[in-house]
Amino acid sequence: MPLPKRLIDGYVNFRSGRYASEAERYRKLGEGLQKPSIMMIACCDSRAAPETVFDAGPGEIFVVRNVANLVPPYTPDGGHHSTSAALEFAVLSLGVKHVVIMGHGRCGGIRAVAQPGSPLTDTDFIGRWMRPVRDVARVVPRPAAMTDSEHERHIERASIEHSLANLHTFPWIRMRENQREISLHGVWFDIALGELHVYDEDKAAWAPLEVEGR
Amino acid sequence: MPLPKRLIDGYVNFRSGRYASEAERYRKLGEGLQKPSIMMIACCDSRAAPETVFDAGPGEIFVVRNVANLVPPYTPDGGHHSTSAALEFAVLSLGVKHVVIMGHGRCGGIRAVAQPGSPLTDTDFIGRWMRPVRDVARVVPRPAAMTDSEHERHIERASIEHSLANLHTFPWIRMRENQREISLHGVWFDIALGELHVYDEDKAAWAPLEVEGR
Amino acid sequence: MPLPKRLIDGYVNFRSGRYASEAERYRKLGEGLQKPSIMMIACCDSRAAPETVFDAGPGEIFVVRNVANLVPPYTPDGGHHSTSAALEFAVLSLGVKHVVIMGHGRCGGIRAVAQPGSPLTDTDFIGRWMRPVRDVARVVPRPAAMTDSEHERHIERASIEHSLANLHTFPWIRMRENQREISLHGVWFDIALGELHVYDEDKAAWAPLEVEGR
Amino acid sequence: MPLPKRLIDGYVNFRSGRYASEAERYRKLGEGLQKPSIMMIACCDSRAAPETVFDAGPGEIFVVRNVANLVPPYTPDGGHHSTSAALEFAVLSLGVKHVVIMGHGRCGGIRAVAQPGSPLTDTDFIGRWMRPVRDVARVVPRPAAMTDSEHERHIERASIEHSLANLHTFPWIRMRENQREISLHGVWFDIALGELHVYDEDKAAWAPLEVEGR
């Protein structure tokens, strides 16, 4: 079966558009290995691509994408840890200076967890993968007046905070933090408004990113 | 510490550019959950973003990115399997019709494996994560006349073929394949030339994607 | 075989000394359940008993003691986690307001790790238990001029910082931190000088506890 | 946030009291590693500190404290076993001559298990940790005339007997027992009366420790 037409058409656009105008950049980038200074851990969600929201070109961001942009705890147990392996590669081999966890609104994975009767919680992989989010969700307060959407947003953000806490437990990240060689960030993207919110870990508070010309 | 300036500048561009012209699309996409029909398993490499190469907009592709775009074998052992969880979510919950594995040239992860003395193979996570590629690499023939780059390219492609084989082992994918409800694809992106190559599983052969206007 | 004489003599002292003067307090404490507001995670080391260093009476401190005063990462995997169970009991059931990790100098467990040829690293339990400290030790810088003792002290402290980072990943601790209902502390006891050092997590710095009359 | 005032005040007392009168002892103890001959496995309970009940000074007792003073069975499965690691360290590295399991009355952990509806049994860690006690509790007879308190006391003691049985299963303990190089003990502390009871393993019977001057 051929590639879906949408992908072929998109590739044609890439060839005649971006690639045509950046052929030289691609040629140089393709000669050696990558040297990005930013790593991003984002969700698989089709509406929240980091390259789009941050208008990034080739070579700029090393991107991990998993369901619900999770960082698991540091567990060097010989297991097959996708995200921890990417972190290790980005920090030890590429030497990135920033690790950004990027969440977003209307996350289907989070919603599956926030709704207790979700069938996904009984499946082989998603139920297990989202287990840390369930644990986080259990301790997110829900006042009577809070809507489902607001509650999901709180869980989405609490989960990013939890992943940041996990990042601090990787010894080679912690050492570089102490030596001011790396910094960790949490951001949350409101799809409907196209708006980015940033977490201030010292103040334990979220706020929209204020930029000129918004 | 604030977000890196590069990300703030990129976000400003996004706000005044893409978002300004597609605000209505974002608003609609942000109202409910995503409904993409394509899933892509790509590498974290900063030079091979699927959205860029396929000129994809928000809502079009559900994207997993891990080091070396690997799909592990189907192992429902209660472990914390990032990529399998994403597959399960995309296939069972989103109902995607296509799963594309996208590799690329000059992959640092593959190179670390192709060069036996690489220090990364002794680390906690990358060594373990790349283990399947090492196993694949051992059976990729290397004629005397083959350069290092050519050899790495063969391993990159053999690894995609191996991940495709693993995809076929997930029972709920296999069932949908039998019923013609899902199709699997392997593609490889030549960064330097901006050129896409596609794997024909029936012929077990790779060829550049021929498109008009290239 | 009877109890060691040292214990019997000590019990006699307790009966005629502390117990005789605090019988009423013990009677009341023994009527219901405990209600301490402080939890301490300390080392098994015979020279660093928290009750001694903090002159604590019955009912005041809930104390976990394990080799090298470690807090493992939050891993709700159905395993038999002694320290996590004690944390859960202290935070959720007792409602403690402070969790203190107390390390100390000349720690035999740390020394076993700092000396790579240590036979203990190959045993069944200690080698596995001390694994997180080995990971921490690998990233503690060691300038050429640093003595073994200084290096061990740095590892002892880095390990406390690592355990604090792990504490932040327990969801029910994190939530209480955000709501200012619990606070976490790291302290290190210099046995030879009887001196307590305290970690300032915001400044990422250690300093002796300054008290009047010292 | 500063250390709780209670701890700072206690440390001031320690400096001006015990430490002032034993500075020389601390200096010597702090020069090398510890050499205790007694190991104790006690509960985290704030009212049952071994150093207090046995009037022990620095350097005398190597102390493990976990919820309900449990010794798990010998399971060398590569897991992260806190208490087994401490046992291994105390027996193989320190060469202790006595291992004492110290339980106590009014144990909150035991009570949680004795009351079947306890919410703690559904939590992540305590429920799992106390599982062996639940198994022991199920086979402790309960005559109709027995009060809740008496029943809990029986479970507390049966659990100590069970932990002693587990101690006998550690191969390196068993070997030293056979060679009369180590002895194991079970004691139970009545908080309200300040009274110690001792288990006679040969007679399978408990009795108060009779000492002159009680």
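Each chain carries a letter (A, B, C and D) given by its place in the written order, and its residues are counted from 1.
In this text, a residue touches a chain if its C-beta (ideal position, glycine included) is under 8 Å from a C-beta of that chain, and two chains touch if they have at least 3 such contacts.
All values derive from a computational prediction rather than experimental measurement.
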Neighbouring chains common to chain B and chain C, by label: A
Chains touching both chain A and chain D: C
Numbering shared by both copies at the chain B-chain A contact, with half separating same from different: same
Centre-to-centre distance between chain B and chain A (centres being mean Cα positions), rounded to whole Å: 16
Whole-Å separation of chain centres (CA-atom averages), chain B against chain D: 53
Gap in Å, rounded to a whole number, between the CA centres of chain C and chain A: 35
Where chain C touches two or more other chains, by residue: 76, 131, 135
Touch-based graph of the chains, sorted into line, ring, star, complete or other: line
Listing of all chain pairs that touch each other, if any do: A-B, A-C, C-D
Chain A contact footprint on chain B (complex, rising order): 1, 3-4, 6-8, 10-19, 23, 26-27, 29-34, 36-39, 44-49, 51-67, 72, 76, 78-90, 92-94, 97-98, 100, 105-106, 108-109, 111-112, 120, 123-126, 128-131, 183, 185, 187, 190-194, 196, 198, 209, 211-214
Chain A residues touching chain C - in the complex, by the definition given at the top: 73-76, 131, 135-136, 138-141, 158, 161-162, 165-166, 168-169, 171-172, 174-175, 177-178, 202, 204
